[in-house]
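Same chain, two partners: subunit A is paired with subunit B first, then with subunit C.
Here is the complex of A and B:
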């Protein structure tokens, strides 16, 4: 290949190519898990769930359910003693001895129809002895609280999570950098605040669904709406005591994930039942009500912050104590606490830091991955205290942010050195879009107007060695089949991967097919579709596989033409020589090789490129100080701002305009990046204004779309400007970083700051009309 | 369990279906006819993923009993494409990038089709009002709304082409 070409980014990388899955999706042809037909053998599962937040199970009698005609299988926790979990194995598939949240599976039935299965649930008799529940993480962390997991010390745990047996704290992440106590007296202004961030739900429009079948040889097949086919294979196989290769997970298109279809939640239930279903497939589909509280939720957070700066507005110290309401199991949530810990300063350069990020067991629904992985909750507090501190020291808020945000070369709270980042440019773009510094008059006398801005950062949160792989095969027609294990959940990863493969290989975009559905039997390994990591990590693997395939082709052609591979290139699907000006289509090379001159033999064979990627450079952190060489791979940064009006008569908040800017390193597909920014912005806005799981005594009181409102088409603002900033990332494909989660991270703080600008009151989310009105009443703004 | 034999025209095809009294139109489409383009998001008439056209009106098919549909005409997402041509709403939403996970898309397309049937030149407010019953968690709606605007233009252009011809 011409060396000069190597430094250029090859087309269509960086182009706004149309999504490759869109035709299927607008014609109703795209297949989701619930669309697969399993025929008359199919059994339908329903789950008997705990009505208590915390209780001992005294007795379970399933005899009447078993006797109901049409019921084929009834299982309870007695059938499945093993523990399951991603980072901390603290969960059973079905409760044994003790239930820990309202909705916890206690037993399950599979029958020939959903109606019969449902009827059978009523016939299962469970005797409970209620225990005192833990319903608040601050109380839960105290020595007075009853223990949710008395066996915490016996659970298997990964080496970067630190449970405290004998307490409800399942992970305690600490940062001790500099000396905060010595710094406070040097501060010219200090702000102290506590924020409460409520539980929210992911609300994919497709509820969880999984179908499992165990054949005569004991081999398990699971079809699931899944972000994590490989993690599910691994974790479920381990729990059931079978080999990973005896379990196969097939994952068709996912109708929205946002984290709730990562790790293992309800998917283990049909597998467990299917083991006793004599070869019949077993389907479990959650109802919308179950979707709200029986699976992962975004855990609640109580964050206590103290920040201080000098008279010039330079941040000097931060003390951050976080109590995460981890819920009844923290198998996944312990790592949210860790992520919240190592990113606990937000994107700010602060010399003295003391962080305590604690994952606390409670008798609430189970906290799991949610778009942002702790960052939205944490930034809800940080973004507002920074705003408050700027005001207190008398500085313009944008100036204050720009003075204090992290820059390349800064030493972060964990001791890691920051890479180059475009966060200041993001702030400038948003400030400019909102006409920062100019105060507009309210549109009516009964309205108050305000502007707010907040910044964010987020790193992919994962084990240090989460890996990706890709295989690229050439076909007879010259096209490429790209095999990957990362999932298309709406974010557009199949399209981005096709662009990377096409660009590196040198073929037109429509010559690339992504092999789907993801199937652990054929697809190459991918850790999970989470953490905004695919463009970066799987992208690196796809680029490596395409380079490998390309090199194989060039070598074969060079040999056939007796030329140097360095003089050859692949342009638009044709191998060309810049030296001899010969040409040959990939169609003539990919499978059959090349016939040597004079029919004297053959060169080559089917081309199969392979590539993998695993970050090898993330190091452990000291458990007492949180210090280490490199806590994470890198950070995506950004900024968001709102201009709003509040109606004094009703408390209604109206967004006049908004702007978002994120540094994605390199946009592989700018249109898809903007689509992520827009969708994340509205999800963030929705969570900030409307969303809260109303948990009373451990029970969710609003598990429906009527009572738990999410943003509709009528709620979006008339203007939302999006900006893509590109400061390249050294370990990303063509400089790319992730963007999937980030757009919703700053939303609560940016809106909270805008509300403060309008009414001079600080509030906990969600910022409902009622809450705003009552706050104005308290503040004497209305009578 | 009583079975009712009904005759329905679905996407232009006449179908004879035996349905139990309690079966919903959504269940009939997905389970009896394997027309799985129509999605089940809540089974309670709240999310709009199951929207189909029933005698020209958009309905939540999870709230309609199949037995009530005897003699009805139904259009699902599978019936939007005609003579190999995408419907303007499919074309518009596709071009505007109004599709991510795609699960709400079938319902959105039917609601949009119904809107353009009754109002070929909708304002932005009309579009928002027509789509308020179709929840989407991925896109943030901006590109869906843009897609419907684009669909109206595509439809208008096609109509002009039909009226005046192009050769």
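Here is the complex of A and C:
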């Protein structure tokens, strides 16, 4: 029976159960990586970093650092020749021959104290020959730009990424659908716009921290604040030339990930050092400044859009050219640009599409996964040009969106057929919440008021065959231990998985334990905690494992009672027969089996359910046209809107109220879904209004919370309504789709549209008070 | 890349038993010792590597440093170690010097304000200091203990440049004293930050006035934050508001004079152009608010 066809959804699936990790997190008992004690043998690592955005390394002299008492290990790029990377192996653990961004590791030290390690860094002498840096992706894509990676053609790459050797373009994703050139003359209105989306940072409360130990036999253990213990095991092991099973990654709770603790960033450094540390554990903890300078960033984007529609407002064509500022390495970022490519139309039905999504090497910080994975940046442009086009053709904006959004059965830009989706209902909910169509008066004479709405879609961006697995064991007390490899990063996945296991198995919620911390030695495989994929993918695996365990139990009991398993059920932790009305608690079955009548032997044994899930139906796309049968597993869609006021004296944007609606297929835990919508909304609004890495000459000029402003509780608007729409997903557990990233995707465009409604000016984010005021001044709106 | 791995340097913590001992120590270790109060600037500057003092001289617990006293005939004295939350909560401050509480409330966050002090804010001499304007317009005078004993230093002329004051080696500011304010006074501090909470002032405008025998009927005092190397008093704007009958045009003229008086810089927090306009607009708003409070 297909999951979505199961009509009755068992408790507590769909209930707003309290988080199972709430007590330990609220009391401070929850263990994070930095809490773990490693004893007096612990060494402290520090990293020597490049001060140049682009330079050749002429010489590194570490002799003085090695001679400093207390220093145990000094390493440089010479020690680690291998490449590392998720999709494109273009990165070294330490720079070799050449540095490509300010902050790139060139050497590292491990010493018996942080202070000695720090002093040793100052004793490392590095001679550089500065090169011309590439600081703009449009220039970087041009033939004039110096090459950041002259060896691009030699890097190992997955089969769905298309680098162009001899250029700075490490991936070029194309869509050629229909004929845009033939469509333009048929358009009654055309809008052309270019938007620049700045780099932003994840700023998790917990900075990156990792501890590595290599024992005498070469077995590696890594403790890390990580979204991706299995991917880290795989990538680091490959780079260091060891077997995956000789590497163990233990991942305690994570104090905020948002994508920056996915893939491998700094985690390889302590492992590399530990290989030379003779069994001593080596710890590396980034400072906040290092987080800003050296962590993955949400890469910048220059997006050039041209869209047109007929006189009735039907979209006819889109041309979308994206220059992604991939930074010094695009090992992870290439797939963001692919996702930006296959989703490049936004959630719109457009017959003629021409897309060029280019991942461009620059000498900026390395672009990596960031909540939304390219979608916020892409939608910042699309959401605003659609708004503009609606106005140009003279249609109500909500009406225009509803006329053009994708619906089940539509053939998408990639040739994939769209599944059913509730995007129109999302638009209606948001429009209604904002009293769309009614213009409210400003609250004061010096205020300007406006409303804006934008829609979004996002697919899980991952390799086509990213897998999940789960193992469920029964315990003596009847409880279930659910073993999974997906990480709890605050999103509530442990709670959702416990609900799925409890519901499918037929036990109370408090009979479920999630085995943690995630440990690659014991936990079943999970690709990565990214892409909003866990509820869906890992959820499918947990449901399968719970069904397996349940069937094992029913089979054992059926045999003991001489009944048909189909007449049995598990209700509230007790096996019941609807035929004989017999009952037996799981406590009497799970481990020891059942004694046969008259003590004539035993039936059963420890119950261990197993389940896995891997999408098998995603196909490749033609490199020249982007066409294929199924580009992605599915799309989550949604809408968001704002009503705002702008202070004419200061340019300050004040959100009066906001609304968000997303189609999650099925909310396994509605309160947690709402929490994700609220959290994503705040992050989206923060990135839209405040956040920007100010990069000058390749160097970030605001690497602290003093000058990298993020929204605080005081910036959150008084009213934000959230709506959950549920059009079931055929390949999701009980119809569920992901929601982790989506709520921040439409924020920039929705706010940009509201600002336009208030002041008739279009701006690049962030929409700071200064930018808005000066724009009003230049437009003559204020004197 | 500025110091990606900041950290506190090694230093000695010194706690003198008396002000005289403290002044002597500071004078003897000129350039390598610094008195500290809440430490909210000191430790940050040291961690970031801007200050490299060998000695941190804790004068918080010396006599009178932790007291707030109010005398209806002589005024208010706030000891150098009194934290901002105590100032904000003080009934005497709220009743007689509400502008000071209003300005202090805009500083950083509640947590920081339970360490930060008014005197520290002044001695740090940042042009962005939120409470400095209130102290200037209400006639604050610093009590300073130096090698030659106690003396008083008015805030006028106290600031020399960013982080620089007229204090000499061995000087310790022990308190700030405010005179009894004229009857009917009113004040306003408007801080423009990039977001709603805990930012530094991109621009800060302090306005203060009281009824007086002048053409406008008031004596006006103004101070501007973050628009010059030191906290700025736009005297011409003050004169306009004092010397002419108050109309919308007078207010606009004064606001323009304030804008013309300031000399802000472009930095990562804001452009000079934006800051100048904000001085004009927020001066207009602050003066209007003060007039409403006066009536």
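Going forward, the second predicted complex is superposed on the first by the 777 of 783 C-alpha atoms of A that agree within 3 Å, B and C clash if a C-alpha of one lies under 4 Å from a C-alpha of the other, contacts with A are read in each partner's own complex, and residues count from 1 in each chain.
The working rule: a contact is a pair of C-beta atoms (placed from the backbone, for glycine too) under 8 Å apart; a residue touches a chain by one contact, two chains touch by 3 or more.
Note that the structure is a prediction, hence the values are computed from the model and not measured.
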item: Fit-or-clash call for subunit B and subunit C when the two complexes are aligned on subunit A; value: fit
item: Touched partner set for A:103, first subunit B, second subunit C, both or neither; value: second
item: Touched partner set for A:777, first subunit B, second subunit C, both or neither; value: second
item: Contacts of A:768 with subunit B and subunit C, given as first, second, both or neither; value: second
item: Touched partner set for A:203, first subunit B, second subunit C, both or neither; value: first
item: Partner chain(s) touched by A:26 [first = subunit B, second = subunit C, both, neither]; value: first
item: Which superposed partner A:287 touches (first subunit B, second subunit C, both, neither); value: both
item: Contacts of A:712 with subunit B and subunit C, given as first, second, both or neither; value: both
item: Once both complexes are placed on the shared chain, angle at subunit A toward subunit B and subunit C, C-alpha, multiple of 10 degrees; value: 40
item: Touched subunit A residues, subunit B compared with subunit C; value: B
item: Smallest separation of CA atoms, subunit C relative to subunit B, angstrom; value: 5
item: Those residues of subunit A which subunit B touches in one complex and subunit C touches in the other; value: 287, 706, 710-714
item: Sites on subunit C touched by subunit A in the complex; value: 1-7, 192, 194-200, 202, 268-271, 273-274, 277-278, 281-282, 284-285
item: Contact set on subunit A toward subunit C in their complex; value: 46, 49, 51, 102-103, 114, 118, 121, 287, 289-290, 293-294, 649-650, 689-690, 694, 699, 701-703, 706-707, 709-715, 768-770, 773-774, 777
item: Sites on subunit A touched by subunit B in the complex; value: 18-19, 21-32, 34-35, 37, 202-207, 253-258, 287-288, 489-492, 671-672, 675, 678-683, 704-706, 710-714, 716, 720
item: Complex contact set, residues of subunit B against subunit A; value: 30, 34-44, 46-47, 49, 76-78, 80-81, 86, 90, 93-95, 97, 99-106, 109, 127-129, 131-145
